[in-house]
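For reference, chains read A, B, C and D in written order, and residue numbers begin at 1 within each chain.
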Amino acid sequence: MVIIMTSEATQRQIDNVVERVKSVGLNVHISVGEQRTLIGVIGDRTKLSETPLEAMPGVDRTMPITAPYKLASRDFRQEDTVIKVNGVKIGGKEIVVMAGPCAVESTEQIVHIAKVVSEAGAKFLRGGAFKPRTGPYSFQGFGEKGLNMLTEAKAETGIGIITEVMTPRDVELVVEHCDILQLGARNMQNFFLLKEVGASGKPVMLKRGMSATIEEWLLAAEYILSEGNGNVMLCERGVRTFETYTRNTLDLNAVPAVKSLSHLPVIVDPSHGTGLRHLVAPMSKAAVAAGADGLLIEVHHDPEHSLTGDSRQSLLPEQFARLMQELKPLATAVEREI
Amino acid sequence: MVIIMTSEATQRQIDNVVERVKSVGLNVHISVGEQRTLIGVIGDRTKLSETPLEAMPGVDRTMPITAPYKLASRDFRQEDTVIKVNGVKIGGKEIVVMAGPCAVESTEQIVHIAKVVSEAGAKFLRGGAFKPRTGPYSFQGFGEKGLNMLTEAKAETGIGIITEVMTPRDVELVVEHCDILQLGARNMQNFFLLKEVGASGKPVMLKRGMSATIEEWLLAAEYILSEGNGNVMLCERGVRTFETYTRNTLDLNAVPAVKSLSHLPVIVDPSHGTGLRHLVAPMSKAAVAAGADGLLIEVHHDPEHSLTGDSRQSLLPEQFARLMQELKPLATAVEREI
Amino acid sequence: MVIIMTSEATQRQIDNVVERVKSVGLNVHISVGEQRTLIGVIGDRTKLSETPLEAMPGVDRTMPITAPYKLASRDFRQEDTVIKVNGVKIGGKEIVVMAGPCAVESTEQIVHIAKVVSEAGAKFLRGGAFKPRTGPYSFQGFGEKGLNMLTEAKAETGIGIITEVMTPRDVELVVEHCDILQLGARNMQNFFLLKEVGASGKPVMLKRGMSATIEEWLLAAEYILSEGNGNVMLCERGVRTFETYTRNTLDLNAVPAVKSLSHLPVIVDPSHGTGLRHLVAPMSKAAVAAGADGLLIEVHHDPEHSLTGDSRQSLLPEQFARLMQELKPLATAVEREI
Amino acid sequence: MVIIMTSEATQRQIDNVVERVKSVGLNVHISVGEQRTLIGVIGDRTKLSETPLEAMPGVDRTMPITAPYKLASRDFRQEDTVIKVNGVKIGGKEIVVMAGPCAVESTEQIVHIAKVVSEAGAKFLRGGAFKPRTGPYSFQGFGEKGLNMLTEAKAETGIGIITEVMTPRDVELVVEHCDILQLGARNMQNFFLLKEVGASGKPVMLKRGMSATIEEWLLAAEYILSEGNGNVMLCERGVRTFETYTRNTLDLNAVPAVKSLSHLPVIVDPSHGTGLRHLVAPMSKAAVAAGADGLLIEVHHDPEHSLTGDSRQSLLPEQFARLMQELKPLATAVEREI
């Protein structure tokens, strides 16, 4: 960390800051410029996390040099994290596809979709039993009943289950019914929930918040990791920008960015990321080419009778099967498998 | 709602859509244009919230005409909501100021600040016992111990207490120690928490999410209102944009916008909204001029020894007292009181 | 277009609006809802472009149904536009790569780079003679001298030239020295310049403005097209968002989005789009997978002695050559060539 | 400037960077941390503007410490710039109001509006003869004919004229017909135009670009100032964000921010800034309270017959006159006059 003093800072103010930094066991390096004095802090800056240096007289601002997360960083762990779950490795050579409907609507629906996506090559079934909805008057999911339907779909097909948990109280329940816990974009900074899923030890897919920077996203992952749960994968699902043609702006730059900053696997959700069916296939391909470790794709066999309104993005089973075929040569071209 | 058909839509597809709309008890009005057919839906569109019209063949997209929230809307309730709490009216002629530190750090600290802000004219003491922090290694607040300190500050000064609740499980506990429950920006779409504070009946201050549209913010309020709790005030605290000089971009446009769309009181937080001490006074004044019903201001008597790092925005007690004086003629100029 | 009346609109106000619409030769369809009356306008809405309907009493707002551009739209022209220039087809099966330095710095530099990128498979040499720079104290390019250097590079290698024109006065000059005129992001809405390059008839690459929606971008293209110049290609180069890890947020969603809305070729610039060398290769691959018709890539053989400061994004010639090899199987995988 | 080396940087790479910095006549201060070496550059960093340090081996990135603009900065000039034009001082105690229609439509129209806004207290008449329009099919202004109409309005009323210039070629012409040259948001980085209006010496109002940071805005002003024209005022007119209720997000934070960073006057445009008539009055008041030196307000006596479509934001003359009255006590409350 570099502490930048104001141009009017006195020697005494500089001394005070230096003393304060030293008091937590860190060292400093002072650099006197023409206009400003800079104080370089040598050592682990998290020791200063409860020291409000920017409130000290004479301090203009501080500039971090190193990342604020540790366990999530590539510096901490050089090799890629590979998560083994339900016989599948996530983060290895295989690009893992998770597919299914927005919401679990009935046993019949979810078992049917589990079969078709599984046959097409998906390794996990997605489907919400708890649905975060912008307004209180929309369908909020079937809750525990929906979880039981997912369990039945797994019993019939063997496919792994990924489903969302929305609140700390439900973690224990959802853990019993799934292979991967999903944390939604709106809950990326639900810190009690992060700690609870961390404590559960279960594999977690952490979606990026709607306007979360990559750094904030990795800090959210750090909450889970710091509870001792290393089975964290990240999911890029589009960020909020000024553009309105797409529902969100799927930020594929985040894929190679995160892969260089962190050892955690990165999944891409082109369905929520664009909100438009005709963009799902090209953006799935682009995600694979950019280095994604997996895809999360919405599939519904009868979207016009689904219970959730946002159905402009679901692929039909045959569209999904075709996409899976088209992804194969792309995976090969980037030395991956699907 | 208007349903816009694609330019290739067949008559049969149009008929199917019409039938579907009528099946939920609504009526339609069909308008055949040169390129497109539009289907106007007559009646309450929430009846269609579980009907995925956009997934039907021949449908391009739907366009809402009316707001998706009801209880929060000015149409539903013409007169301003006035919330009476601890002998103060929020949303009336008086501009209500809430002030205090970022976090409760000790009984001594919080009682001292309670006294100084109260003397300067603040009607509520703010201070976090539970602190949402971006990274897991930052001070997370004293929890219940902190709540007890707030209660002591109230006992000594009589000032009302506003403090944040972060998770449904803690609502009952926090309710006992405060006059107003604060829901933070990161929890604006924590739907279980919204329902829980709704059920509590306690006055709630709902902060706008970092990248929430005004519509989403009012829908979040609708979650609380629809639980039967009408004591909701909104708090504009800055949104996320590309600008980095300010920590957030305080969006004062939201003040008159919300006042025209809704009957709920609007509070402005220029401290978090800008993140910069020297912008707090001008933006407080601007908020009052724009029609805000209250201000939430960070005050600390010893910011350089506070426990939270983000201390570039706290006012000193004397700065706060001066600001309170300067706000008086502004309040008068817009026919309010402070 | 649909005109949405306020809930208080009187019959007379509705009549006035109808009359006004009919006075420009259009027809209407009136739909009376429970709360609002909607007036659907039948026919070409550009006839209303000088009629301020939203200023009329009783009008709440208007909602467009069709796109505001014509010549640029897929509806106007079904088949893809293919631009033939210097023996190369842009917008056809081949993915066309344009490469070179940020700025033309010397004859020696530009001829050298022309050779290496040409050998690696680039079909056009990029390089700025006129450089738009955020601050007045940065190197602004060699102007006409730089154009002459580009001409020499073409003479020596036969490679096509793409270079930026910044102001209407220079169009004639730049046209003589290049095969494709580049319009920079900051000039996407420099309307006099758009008209001038339109009048020139020369192939144009129009970069997306930093915060331009796709619709605004296509409207800017419409300015060029409406001057009779159909040789327009679009270039996605990153938009401005809250994320700071990348210099811009390369929006690959725009590639399939534009391809569905318009018949114009789309080029992607991963160098400016990300601002980070290690993201150029993965995002180039992703662009190809997403359906881009070409790439614009910064290459410099000696970046640490270049004259422009923003050199974190240049590939070295050997990195560029490797990328060109890696792109081949990806192009094949999406049934293209490179 | 601080140069941050990568964690793998060798001593030789560090030495190379140091040598390079010294070669332009600057000094360095080296700080060896636990993970990284930092090189502090002592002296004027613009000397390094053509030295691509970030391209040098071993360099991770550079971090500026001081602002990249000089003439525009408060450090360069402590006292406020006051621009005297047509007998009015802009940037002094008086809050200067500029008002008028979006476009000049006829002599009758503009003379009439000049009278009514002048009587209500406006000191300058705004009105576009050249209109930047998103699409080519919208009314683009009357050009020189429109300028003559403005001149006639001044002759009849004595009110000062502010009008937009869109391209370098027209600067000379527009200068003859106005008191203040307006540079629109889309032209904030039209660098040839900035230089040309700089060379003209005429007072200039520089609107903030749609997604320009405050730093970029001040750098654009620096272009004008560095041509020797010190008569620059800045105009905040709303930035682009995700919010769609307002057409733009008027960023009032920019007012006190710019006033602290720079000595230049700041004008606020609540009409374009919000795009909504009912927000113009509250945001005008807020602008005054935030410390703005002036307001730019759209006024039209017959908006429903204006020639420009975006008429949702014009005030009627009587609304404008009322607002001027309401602003008086606010100006007094912040020790200004109107």
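Methods note: a contact is a pair of C-beta atoms (placed from the backbone, for glycine too) under 8 Å apart; a residue touches a chain by one contact, two chains touch by 3 or more.
All values reported here derive from a predicted model rather than from experimental measurement.
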Neighbouring chains shared between chain C and chain D, ordered by label: A, B
Chain whose Cα centroid lies at the greatest distance from that of chain B: C
CA centroid of chain B to CA centroid of chain C, Å: 39
Distance between chain centroids, defined by C-alpha means - chain B, chain D (Å): 31
Centroid distance [mean C-alpha coordinates] between chain B and chain A, Å: 26
Numbers and ranges of chain D residues touching at least 2 other chains: 211, 240-242, 244
For the chain B and chain D complex, residues of the former touching the latter: 211, 213-215, 239, 241-246, 249-253, 255-257, 260, 273-274, 276, 278-279, 282-283, 285-291, 329-330, 332-334
Partner chain C, residues of chain B touching it in the complex: 2, 4, 7, 29, 31-36, 38, 40-44, 63, 65-66, 75, 211, 240-242, 244
Residue numbers on chain B that touch chain A, as the complex places them: 46, 48-57, 61, 68-69, 132-140, 166-169, 186-187, 189-193, 210-211, 216, 219, 222-223, 226, 240, 300, 303-312, 314
